[in-house]
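In the two complexes that follow, chain A is the common piece, with chain B as its partner first and chain C second.
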Partner chain A sequence: MIRNTRMKRFSIVSVVATVGALVFSTLPAQAADPGVSAKEIVLGYSGPLTGSAGQVYGKLPGAMKAYFDHINANGGVYGRKIKLVVRDDKYLPTLAATQTTNLVLNDKVFALVGALGTATHSKAYAAASLAKKNVPDLFVNTGFSGFADKAKYPTTFTILPSYAMEAKIMAKFIKDTPTLAPQASFLIAQDDEFGVDGVNGFKLAGHTFAAPATLYPQGGLSAALAEGALTKLSAVPGKPVLVLFGTTDSTATILKAAEKLSLVSKFNWIAGSVGGDANTLLALGVKPATINGILAASFFPDAKDATDSYVSAFTSINTKYNKGVSFDNVVLQGMNSAMLTVQSLRAAGKNLTRTGLIKAIESKGAGFASAGLVPLNFSGSSRVGYNGYWFGQLNEKGELKPFGGKLTTYTTDSSSTSAPTASSYERKPVPKNGVPTNS
Partner chain B sequence: MLKGSATKKRLFGFIILGWILLLISDRIGELRQYQGAFVAMYTLAIASIILLTGYSGQLSLGHSALMAVGAYAGALSINNFKLHPVIALVIAVLIAGIFGLLLGYAAARLSGPYLAGTTLALAVSLPTIANQFPVLGGEQGLVFDIGTPPARFGEDFSQYQWFFWISCLSALIMIWFLVNLLSSRYGREFRALRDNPTAAQLAGLNIGRQKALAFSLSAGIAGLSGGLLVMLISGVSPSAFPLSLSFLLLAGAVVTGVYSLKGVIIGALVLVAIPEIAESVVSRIGGSEGFTTSLPGFMVSSLLILAVLFAPNGPGHLLHKKSTLNIKDNSREGNK
Partner chain C sequence: MKNIKLKKGLAAVISTALIATFAVVSSSTAQAASTCTDEIGLDGKSASVIKYKKCVGTDYQGANYEIRVPSKFNGTLFLYSHGIRNQVLLPIIPGVNPDGSYSKVRNMPDVAPGRTVADQERNAMDLLGQGFAVAGASPRTQGWAVPEAIDANLNLLETVKTQFPNMKKVVSWGDSLGGHISQSLSEQFGVIDTAVNLHMAGTAKAQFDYAGDVFWLTKVLFDPTMKGSGYTNRFPNDPDGYKEFLGDVTKSLTVLNALATAIAKNPVAPEWPATATNIPASLKAVPVRSAILLLGLLTGIPTQSQTYDASSGPAGPLETTFGVAISPALAVLENYATALALGVVSYYDAETRCSGVVFDNTKTDYAARLGDNGDIFAAALSGKTATNGLLSFLSPLNPAAPRVKGDAKAIECINNQSQYAGKITVPTITVSQTADNITPAGYIQKFKNEYAKQVASKAAKPGLLLNIWNKPPDTYTKFSATGGGVTPAVPTAGTTHFMYTNAQLMTLAKMAATAAKTGKLPSVKTARAAFKSDASIFIDPDYTPALLPQDK
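Moving on, here comes the complex of A and B:
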């Protein structure tokens, strides 16, 4: 009897295993270039929607979706509607790897667009075999210069200028500004590719900080750590220059610590482009008086500048298709990436392939219309988007006004010691109705 | 004789299971291969918790830290010494095991909430400690690249199939070892330790040594699981081992039933399947972003409550109970 029971159990296990094998084996075969049909192009986004990074960057996919909805309402791309599949990676490498793999294998996206985060996306790129599968990885929202390595990331195009470029231009700005140059300067930076890239940029520019950089783990800057760092620096005579090279939530933590310690006026604050978004700082509880006077780098027009033609066009689209979401730099960035994506898809032609899309950006990407005030740098040998910055000063309303009243943009590279140069770049006008018609 | 026969049957069973998995791997798509590799990895991680908590009665809330130790050891072996990935995974087991042994001896006098608190503190602090050593790559961590699959498997043999093979084989070997260990003298000693430490001590058991041994074995298995995890995501970094991972594994262990290894795969399947089920629910009924992101957590919580209410010892125990009843029924019928 016992033997019979064991036999039964063995039979059940065998049946379950066989049924499992049959269920697993019924999956359809993969097409050559998934995610594109006569009616639709499926794109994918993996980034933080929840958690502390999600609070700041969670608006990004919504902004891209809104722009794609606008394009779809205007006939799509050569008659194909764009669908964006969004997955939350909570800014964690493990989730980024699995979510990106899911986008490629499960959602069968044609291309990825706007992925955010350096540590997260570098792991996701390898885990999802994006290079081997030739999945276009468009307009990655990180300035890590490593993503420009075409051999390692053959399908990636970044959008932000590299952090090394930003650091080089910051160093020039400090050196050329009479009120800043004589002061001791210090750096508080995120301890990952982001911060390390910045530190390397300052080294390339020959800038020497008065003390080694204060580095903190990604997502790990506590109020206590910020207060400790500021208390230590408050003993430095004069009005030291304090460069903040981290995400906006970290900038907010530092500024709130300065408020608590009454040290806001003690420093000349310089915030990087990633961490200097005024609207987000205000939303995170930083006082308007605190942000007043902060120096910040940007390559975009100010999101509050209603006179800017791109800001005006994107604001209209946001009002119509992204209801209830306020227009800020993150929304501007999302819509701009979406507009570049549409131009890329158009440039690749009606017979859309992954290889064709990559080649189209290489050959025509530098000429795309974009909101950026600095040139796009795409070519056969360059995968870097924007390659420069301008410096402005925030006011209490959160507006970024050109420093000294005149907007001057600088361009540079990520690897040489050559000094940044002033740029005479004039961007293309915004496409009519915000709908590109390039080919 | 009987023991030898049972061990052989067990070995035969695992070989059959391995053969079935080998066949399955050829017939499923890359996504299922990738998910299957995650199931194998979670199976190991949950098994390590069951060994520690269910069999030896020690509660750990910081298993993610033990996984991290193995993962870093494996990554350093590959990056610095150019060792074969299989050897790197063996090193991950050994280093995590040694770390667990030291921790086990240190924590031997602790039990209940005190031990839980100690392991929790370890999980919280280990990522920060990892950031302090440049050799560990700081916040961005280290690459964990096992390279492309051997060319002899052919061009159609994907990276994901390679992951599936390595993960399943690791899980099969380790679970086979664990099942044999737990049905040996050591297993009985662990259970004695769990059920009544004082009685076990009076019976001549060295409580401190047994606790440290259980901790070491559990850490070794967790280290292997950590090595497999970072293989699947191609890199190791502190943020790959958040505290939430420890709680997730504990939830998987409770769903599986912490007192038995039977059905350990169910907990792993739940952890991999829940996000996908949640997505398909959302895509069918729609819902806000908040609903989408909180649904997986809600589903896991519901499953935990159901498990505690209806199968506190896990579904494996239910099956065992049912089959025991059947045997009794059959015996009665036979006696008639």
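Moving on, here comes the complex of A and C:
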């Protein structure tokens, strides 16, 4: 009797298993991770939509969403539509922690994409237990080199070159540019990990400033402080090089102080990539004549360069899916991150899992098509995206044109004293119709 | 109910001594007689009449107790341990002891938790209405009276068992130090079937290191004339030590008042208090709000409080700056005020209890403690340069910031107050606020870690711990027309050392009673479903609040 019963149970189980296998073999494989179904992939974004940072970066999620809409209209990713859940953290660390937790626990996103800021995201990463939950943390928009620590941030991939890389390349640019090299140079920087990373980069490059850096806390650069610093530096003979390593609102405060003191032409201005967005500077009231001639670093083509194939493709998508929003560097950055995300999802295959996605970026991410003019560096040991810059000069229209008329890109790392090297990188063509087909 | 194992407790030692010494005395003396009355009450929820027997008494160690058993007793007792109460007596002090509550030792028992006395009574009646018995004891000695409270509870359980032999299961619950007592009782004596620990206090070391750090930093940053520790003749009524203690209470209040006034006057760049005489002029250029925040980050005081969410700002030009740079400091200040007031009293009590200094920071590296918070709160700390300047001032090499040398025997004494160790053997539930200023969330993480170690070493069974969290809304600060934060009438959920709602407590009671019966915790899914309509509760086994800096 016992044997019969057991056999009967076994038979039933077998039949159920067989029927189950037949049923499920006709459907796309179901992943166990949250945020993925047969029809949909839910992604999350936490960043500033409002507040002062929202004025600069508020367009990022709209740009990503527009690109995902474009992909969805073209069949999605292996048939799955991408849904982007957006939460406003106002660029505030505590709110970023709350919103990221909400994305993971309440919105049940599969992965995060494009999170913005160092203070905000480092707090959010721990608070939302992203490592424990193995939540892929894609293409974080900060140059803080600390996020490259795989042990501490095992699911994070950054996109921006580090601030240290930027500083090293700036130092090389100053050294190699005959009009700049003989001049005394000075640094005005944000007094946090952003500025410290930059200062370290200049040190690694062996660059010596003529005086200790003028440091100010984030949001703490008053017009009076800026005017005081510029007045002091105006006594320096020649046309000193003044490096501004801060956010765009700080750059604007300094440039407006220079306008007030009639010192715009006194300096050779170099603005870091974070603080050198011309559109934002103009929007913050800096005069077009003031930005004319400012030297700035970038790893993207200029968003106003209609001849660039990526700019052209993204502009079309923006026109169709992001109606009423002007195309600029922030939109370009958002769409590029979205395109990298789609390639990552494709590279992870049809049976999408969080672990699979992370592995796919590690193994294939360096080969993704991208608007960047410098290489991506994703690998099993590197979570760093771009690793280089080119230097340009802003004109009154806010266009960034290659310095000296020729675009030269440099690549480097964050930690060695080795000099940046000119890059021969040739980026991949933009995917046809802007829709990746990689696997 | 399991067999009571009176092996380790102070009660065992004392009761043995009593038997030996007073062998001729009637055995009923060892188990003090209860006075029992038949009572009728109303279930606050359904308004139905509840008949129950109420027994009160004082055990042979002087602990008062109360037992209530309904006529339709279902066999499960809820044994409640209240939180810390003062052993040290305070004079009338506005804002701290306005009604004289702290001018006496209070050892009346409570039988159920609740936000107010009325809530406690309502919850007791609600449980009685469901057929549960409720009971509680309060030892003669208060303060960090963990051994005494455990003994009182053990005595009480014996009394209940004797008078109500149909008692089958015991749920032990308590809040704050009562949670600590509940857990310690559960781990050490095997008499508990389920433990529910509400904003459970950390270990003695953790709590007194927390208090010690707060005092030390208050002293060196804001008033070097404070005693802070090492009180003379540590007895509550001794004139010298007691005067020093009261002097510190007064100085603490003066500092807090000065800080609040300075911030109200100029929230962006508030000045240091006049009592901060050791701070060099170069550091006084740093807004004092940054020093307050640093104090919070170095000690573990939460950066969210009942009024300030560390994000919101008043509408207008200061909105973002307030959220980034001012709100976290104000939150710390608000939390700090309560923590300091309670900490002064309990720390002095601990020195009295153990006859020595129970805190030692001679080897503390405060600069290392800051860790990632130095980047996260860089703007609020006024930048790296200011932060490094303040940290340098705290260096052990700075004679203006002398460290505290603890008394090894006193530290050993306070660490041996029958405290829990994570040896969980019965279903155990913790519920805590994510921004609790008295028992910060990190204590529960430490408890989780200790439990994991015990499981790994097979001293505890796996799957017996469920952590439930009470969190604040995403943003919640309200501002007055003049731009100041408006303190809510009822503390914001998830902040302060805030008691839970009656509905939350009854949901927990239901879970606990079931766990006591089955020996199993509810699944995470079931627990979430039980709190489905409660936006402030979240249950996520992966949630890992930061450990207190002292525990890292």
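In the analysis below, the second predicted complex is superposed on the first by the 407 of 439 C-alpha atoms of A that agree within 3 Å, B and C clash if a C-alpha of one lies under 4 Å from a C-alpha of the other, contacts with A are read in each partner's own complex, and residues count from 1 in each chain.
Throughout what follows, a residue touches a chain if its C-beta (ideal position, glycine included) is under 8 Å from a C-beta of that chain, and two chains touch if they have at least 3 such contacts.
Just so it is clear, the model here is predicted, and its values are computed rather than measured.
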{"item": "Which of chain B and chain C A:Ala235 touches, first, second, both or neither", "value": "neither"}
{"item": "Partner chain(s) touched by A:Ala151 [first = chain B, second = chain C, both, neither]", "value": "neither"}
{"item": "Which superposed partner A:Ala38 touches (first chain B, second chain C, both, neither)", "value": "neither"}
{"item": "Dominant contact partner of chain A by residue count, chain C or chain B", "value": "B"}
{"item": "First, second, both or neither for A:Thr98, with chain B first and chain C second", "value": "both"}
{"item": "Touching partner for A:Leu49 - first (chain B), second (chain C), both, neither", "value": "first"}
{"item": "Common interface residues of chain A - those touching chain B in one complex and chain C in the other", "value": "91-94, 98, 102, 105, 118-119, 122-123, 126, 129, 132, 190-193, 196, 215, 217-220"}
{"item": "In the complex with chain A, residue positions of chain B that touch it", "value": "17, 20, 23-24, 27-32, 34, 38, 127-128, 131, 138-141, 143, 145, 158-160, 229, 232-235, 237-240, 242, 245, 276, 289, 292-293, 323, 326-327, 330-331, 333-334"}
{"item": "Residues on chain A engaged by chain C in the complex (per definition of touch)", "value": "51-53, 90-95, 98-99, 102, 105, 118-119, 122-123, 126, 129, 132-133, 144, 146, 190-193, 195-196, 215-220"}
{"item": "Of all residues in chain A, those that touch chain B in their complex", "value": "1-2, 4-5, 9, 17, 20-21, 24-25, 27, 30, 49-50, 58, 88, 91-94, 96-98, 101-102, 105-106, 118-119, 122-124, 126-127, 129, 132, 190-193, 196, 215, 217-220"}
{"item": "Interfacial residue positions of chain C with respect to chain A in the complex", "value": "303-304, 309-311, 319-321, 323-325, 328, 372, 375-379, 381-386, 474-475, 538, 540, 542-544, 546"}
